[in-house]
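Got a structure for you, written out below as structure tokens; questions coming shortly.
Letters A, B, C and D name the chains as they come in the text, with residue numbers starting at 1 for each one.
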Amino acid sequence: MLYFENDYCEGAHSAILQRLLETNMEKLPGYGTDPYCASAREKIRHATGCPDADVYFLVGGTQTNVTVIRSMLKPYEGVLAASCGHISVHEAGAVEASGHKVLELPHREGRLSAGCLREYLEAFYKDESHEHMVFPGMVYLSHPTEYGTLYSRKELAEISELCKTYRLPLFLDGARLCYGLAVESSDVTLNDLARLTTVFYIGGTKAGALCGEAVVFPERAPAHFMTMVKQQGALLAKGRLTGIQFDTLFTGGLYLKISRHAIRAADRLREALRERGCRFYVDAPANQIFIILKNEIMAQLRKEVVFSIWAPYDSGHTIVRFVTSWGTRMEDIEQLIRLLPDQLA
Amino acid sequence: MLYFENDYCEGAHSAILQRLLETNMEKLPGYGTDPYCASAREKIRHATGCPDADVYFLVGGTQTNVTVIRSMLKPYEGVLAASCGHISVHEAGAVEASGHKVLELPHREGRLSAGCLREYLEAFYKDESHEHMVFPGMVYLSHPTEYGTLYSRKELAEISELCKTYRLPLFLDGARLCYGLAVESSDVTLNDLARLTTVFYIGGTKAGALCGEAVVFPERAPAHFMTMVKQQGALLAKGRLTGIQFDTLFTGGLYLKISRHAIRAADRLREALRERGCRFYVDAPANQIFIILKNEIMAQLRKEVVFSIWAPYDSGHTIVRFVTSWGTRMEDIEQLIRLLPDQLA
Amino acid sequence: MLYFENDYCEGAHSAILQRLLETNMEKLPGYGTDPYCASAREKIRHATGCPDADVYFLVGGTQTNVTVIRSMLKPYEGVLAASCGHISVHEAGAVEASGHKVLELPHREGRLSAGCLREYLEAFYKDESHEHMVFPGMVYLSHPTEYGTLYSRKELAEISELCKTYRLPLFLDGARLCYGLAVESSDVTLNDLARLTTVFYIGGTKAGALCGEAVVFPERAPAHFMTMVKQQGALLAKGRLTGIQFDTLFTGGLYLKISRHAIRAADRLREALRERGCRFYVDAPANQIFIILKNEIMAQLRKEVVFSIWAPYDSGHTIVRFVTSWGTRMEDIEQLIRLLPDQLA
Amino acid sequence: MLYFENDYCEGAHSAILQRLLETNMEKLPGYGTDPYCASAREKIRHATGCPDADVYFLVGGTQTNVTVIRSMLKPYEGVLAASCGHISVHEAGAVEASGHKVLELPHREGRLSAGCLREYLEAFYKDESHEHMVFPGMVYLSHPTEYGTLYSRKELAEISELCKTYRLPLFLDGARLCYGLAVESSDVTLNDLARLTTVFYIGGTKAGALCGEAVVFPERAPAHFMTMVKQQGALLAKGRLTGIQFDTLFTGGLYLKISRHAIRAADRLREALRERGCRFYVDAPANQIFIILKNEIMAQLRKEVVFSIWAPYDSGHTIVRFVTSWGTRMEDIEQLIRLLPDQLA
């Protein structure tokens, strides 16, 4: 079977495993106080252009989202997010379990806009009963979004400015950030994120690590953030596991190098799909490809390829998703292309 | 420096790293649905003598404790624990953050007793205002305890019976379980735990894994436990990471084999300490040794050895802790012994 | 000024005050264990046709909603509600603060429908990733709804049946229930609610009491519901305050008698508005009237009448709300009608 | 039967009922925005000597405690309280349900001391693992305490100073404050509380009101405290109910006047008990009397008197509590005294 279901189906990049092996029997202090964590933090500060950033390593995306969000909200506040956002739908109510409402907003292909946010905020503060409502307390974006789409630097800047006006922290979920950064046509860089957000995280799990997400507070973490990480159960005793992995990913530009490979693989597949007249569900330029397939073609392909069924499109078609990763083999892409019928329209 | 501070200072047992390497590029489904998780579950069912047990892999101890506890308590219930229990003191209020009180009980060297529990429960239900109080909803033990002490099979059986009488689930935190099981003088086995508890977990982090705890429900997990794991942010995308590790630990008895090594190392150290007239703070037979040192001797030792300062004993003495692990080198033990003064009393 | 802003602007019905006076110096036990509470419970059991119902008295609507909801949901569940529902918007995130998501559904003039619920539930259980999502754990309706509209008995029966199919408790918020019951064209009775819901409450605050809501579990309350009430801070020490009020309201049919008065007053106003060509925003038959007013007319009226501005309708019009109550004087209605311009269209 | 079980067994002081009657049909805005609430706030500001105090009216004690506490704690913080404190034992885990640990401290007859607090705080910050523990985030006292004892002004001043040193808010639960203030030998005044605490509340429920507690922030309430009150379900729609009651209690010194009556009644009873050689369990000078009775005498008295059984003392004796209130009749006191045997020792 060919496997294009997700970007976390392999283990870790070989350089990471190599470092884990080399350092394995060193006796190191726990909970993120080891020298590999320190070195990884320093490299991330350098890569993001924030010499004073506070950097923390957590294990997975959901726990990172909820830890960051509940550390920054007051108990009367909620978090603004696209109604399709990962925290809105696919984290089993983790944010609500921490006591906060996800204030769901309409989106365009996964993206929030400054205009839509402004409209919400203006209406909220005009509403005479807003003291009986959940106060908007921060804005959550993901980049790439749930639909694999990207914000432009200008869009992020507009949202960032609006957040400053309303004194709302801006939090960017970068579970797949590497693949967004690796898209050539995107003008968003790590430096932009550090400049425009209050906090963001650099995903490791989907970027060649076994696990791990690096949370970056470009200015300063909330007080006792580490205790919040502990309280959420997100503090690894063997912090070295995330430290070594991020230290490796941010050595010699490995993080971007391996992401660009995934984008090249996806680009090759997109090109082949386009040549066959395929209808794309959204214009997603990173490592996820959402297309509309005839149900018969889909059924045929599933015999030899693993991919995700996203949603029914109409009675005869389905939206499906193909994903590439740092570990995708180009020969698998070519093999998949050979399996495609000449006409996909 | 010699390092006896804790049992999570090394990476992973070499067999685990080897398996991670071998399986690294296999494309596997996520979230614990891969064949390595399945195999590890099967081996744990076998080792615990519970062919129908539900087994889940989480990442760390605090998150495991809180996920299990909040999955099993009603909102009006709290969890009974020793006042020194890990959940009572050292998990940053994770249980309370999930909405539940830790009902703290007196302990003997870290251990709860059936007698003390019975007294509490009888007094609670006799109290005319108990409907205004937090109902006891489960019992939490750890084995070994915070003081490194062990329960006997008889003590566990008494507590288990009491729990049945009061219909209280019994939860045993086994973060260091391997070291408890490896103590020769202990009569408690995995089979006993499966027979006597409602749920327990087998610690991996302190037993040669990079991370991971295996939760065992000998009869049946609470409904939708996996969703609770997800909600707590404890569900690894790359579930293979824990699956492969536990599969390795439970192949060929590795789990116990490496734990016995730690006990042998600790026994050797205990023997040397005893010969030098050392005062032991508690009689802890597993991989933790708590002793009372003169402050001058402590200061001297700290120049060459890393160990934990537990608490002040009196104005001239301090309680300190030495810990061995699966990765402790016997030559380090001998080296440490050579550094000890002839007289420790 | 004339006052039509809401139905909680007066104190209490005079019969209630009279009973409070008469019983004032009786020495009674607290927390709802007094004979007036017992008598009120018995009368409510009779009025709802449920001799075995569990009945509890709480103080206000928000606390009643959250206490009921968190008593009946598992931690992985959320509550299905109209997106305009009181718990969705106007309770400051009380449900989320208790750890549960409000799963917001589209509505028709405030009403949910069995069809829409079924669609949601079918899609949920079909979704392959639903174990990563919040499970629907109960259905919340209000009757009258936020828009003053009413369910028919048939609509409630359909929803009730669907809930049974999916084993979802059905909870009906009756903060304004008295006014719904008093509408002649409505076929929904207290007996219907007792038959069709798992739990509902009979509002007192808006029905002539100083405060108080009577929660009715036609079959059986969840275990230790009183402790949940206490935990939420909703258990009055002087339980007599709610007991005496509900005992009075359910003596001699006072509850419905005073509600019918409010409906007559609203009917008279609706008639006058209709005669003047007024546009109604929704067809709300109970004690709330939502109409679309020209901004100039609205401004003029506001000089002599207090009413609620609901929402802008278009650049020249506004949706406003007039509310009658048990305490509305018919002469105030006539006075208001005299203030209306001849043409409201 | 004579009734000395508690201080909330009667309805309301007659002046309060009178005011409720007089104002009953006035049409007033809701949620505490009416002129009676405004007037009551102003009188409380005057009585406490805090012209700028923020004053809020809530309904009952448990909800007041939890609303204040969760409004002022960060998510990694807990509240320090006596282990016998009302929030520690008798509020059904309300504080924990809001996500915060009650950090229980030893007490002397219900009282915390500055010395004991300092010891805890010093040990906490010295502990190397304190970042894995719940941070102390505020101090909770009650006055009178659970044992009916009182702090002296000097004791409160010492605790207050310590709290300032550690930047901990100091919260004083005044559910029975009126009775503490009315004790002649006590030197603590409302002005002292306003000067020495960050927030305190003036109990109404036990002081002649039907319900209601007045929360006083001498300097400033936390941001959006009203939304927190709403979220907790503690915001009365008919805010007039608490406004009118507190306005009456703080007119012409009624609050203290009726409390002094209760103290006189208790003093008379204490005198008679002392004459009969009664053993007092604690020296409680306000409206609660804790004594040690022979079980036979207790059984005899219970035939004609309602009082609380506090706890067993030894095999032959029981600790019982007698309580007076604003509504206690002196003739009932004399009647009770007549029922006492000549020798209670």
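Here is the rule we use: a residue touches a chain if its C-beta (ideal position, glycine included) is under 8 Å from a C-beta of that chain, and two chains touch if they have at least 3 such contacts.
Computed from a prediction, not measured in an experiment: that's the story for all the values here.
*Asks:* Need the most distant chain from chain D, centre defined as the mean of C-alpha atoms.
*Replies:* Result for the farthest chain: A.
*Asks:* State the pair with the higher C-beta contact count; candidates are B-D and C-D.
*Replies:* Comparing B-D with C-D, the pair joined by more C-beta contacts is C-D.
*Asks:* Quick one: chain A and chain D, Cα centre-to-centre, how many Å?
*Replies:* Each chain reduced to its C-alpha mean, chain A and chain D end up 51 Å apart.
*Asks:* From the mean C-alpha coordinate of chain B to that of chain D, what's the distance rounded to whole Å?
*Replies:* 42
*Asks:* Distance-wise, how many Å sit between the C-alpha centres of chain C and chain D, to the nearest whole number?
*Replies:* Taking the average C-alpha coordinate of chain C and of chain D, the gap between them is 34 Å.
*Asks:* Listing for chain C: what residues touch at least two other chains?
*Replies:* 75-76, 91-93, 97-99, 131-133, 227-228, 230-231
*Asks:* Taking the complex as given, what residues does chain A use to touch chain B?
*Replies:* Listed in rising order, the residues are 3, 5-6, 8-12, 14, 17, 20-21, 23-30, 59-67, 91-94, 97-98, 205-206, 210-211, 227-228, 230-238, 240-241, 306, 327.
*Asks:* Quick check: in the complex, which residue numbers of chain A touch chain D?
*Replies:* 70-71, 74-76, 99, 131-132, 135, 223-224, 226-228, 230-231
*Asks:* Going by the contact rule set out above, which residues of chain C touch chain A in the complex?
*Replies:* By the definition above, chain C touches chain A via 75-76, 78, 89-93, 96-102, 104, 128-129, 131-134, 309.
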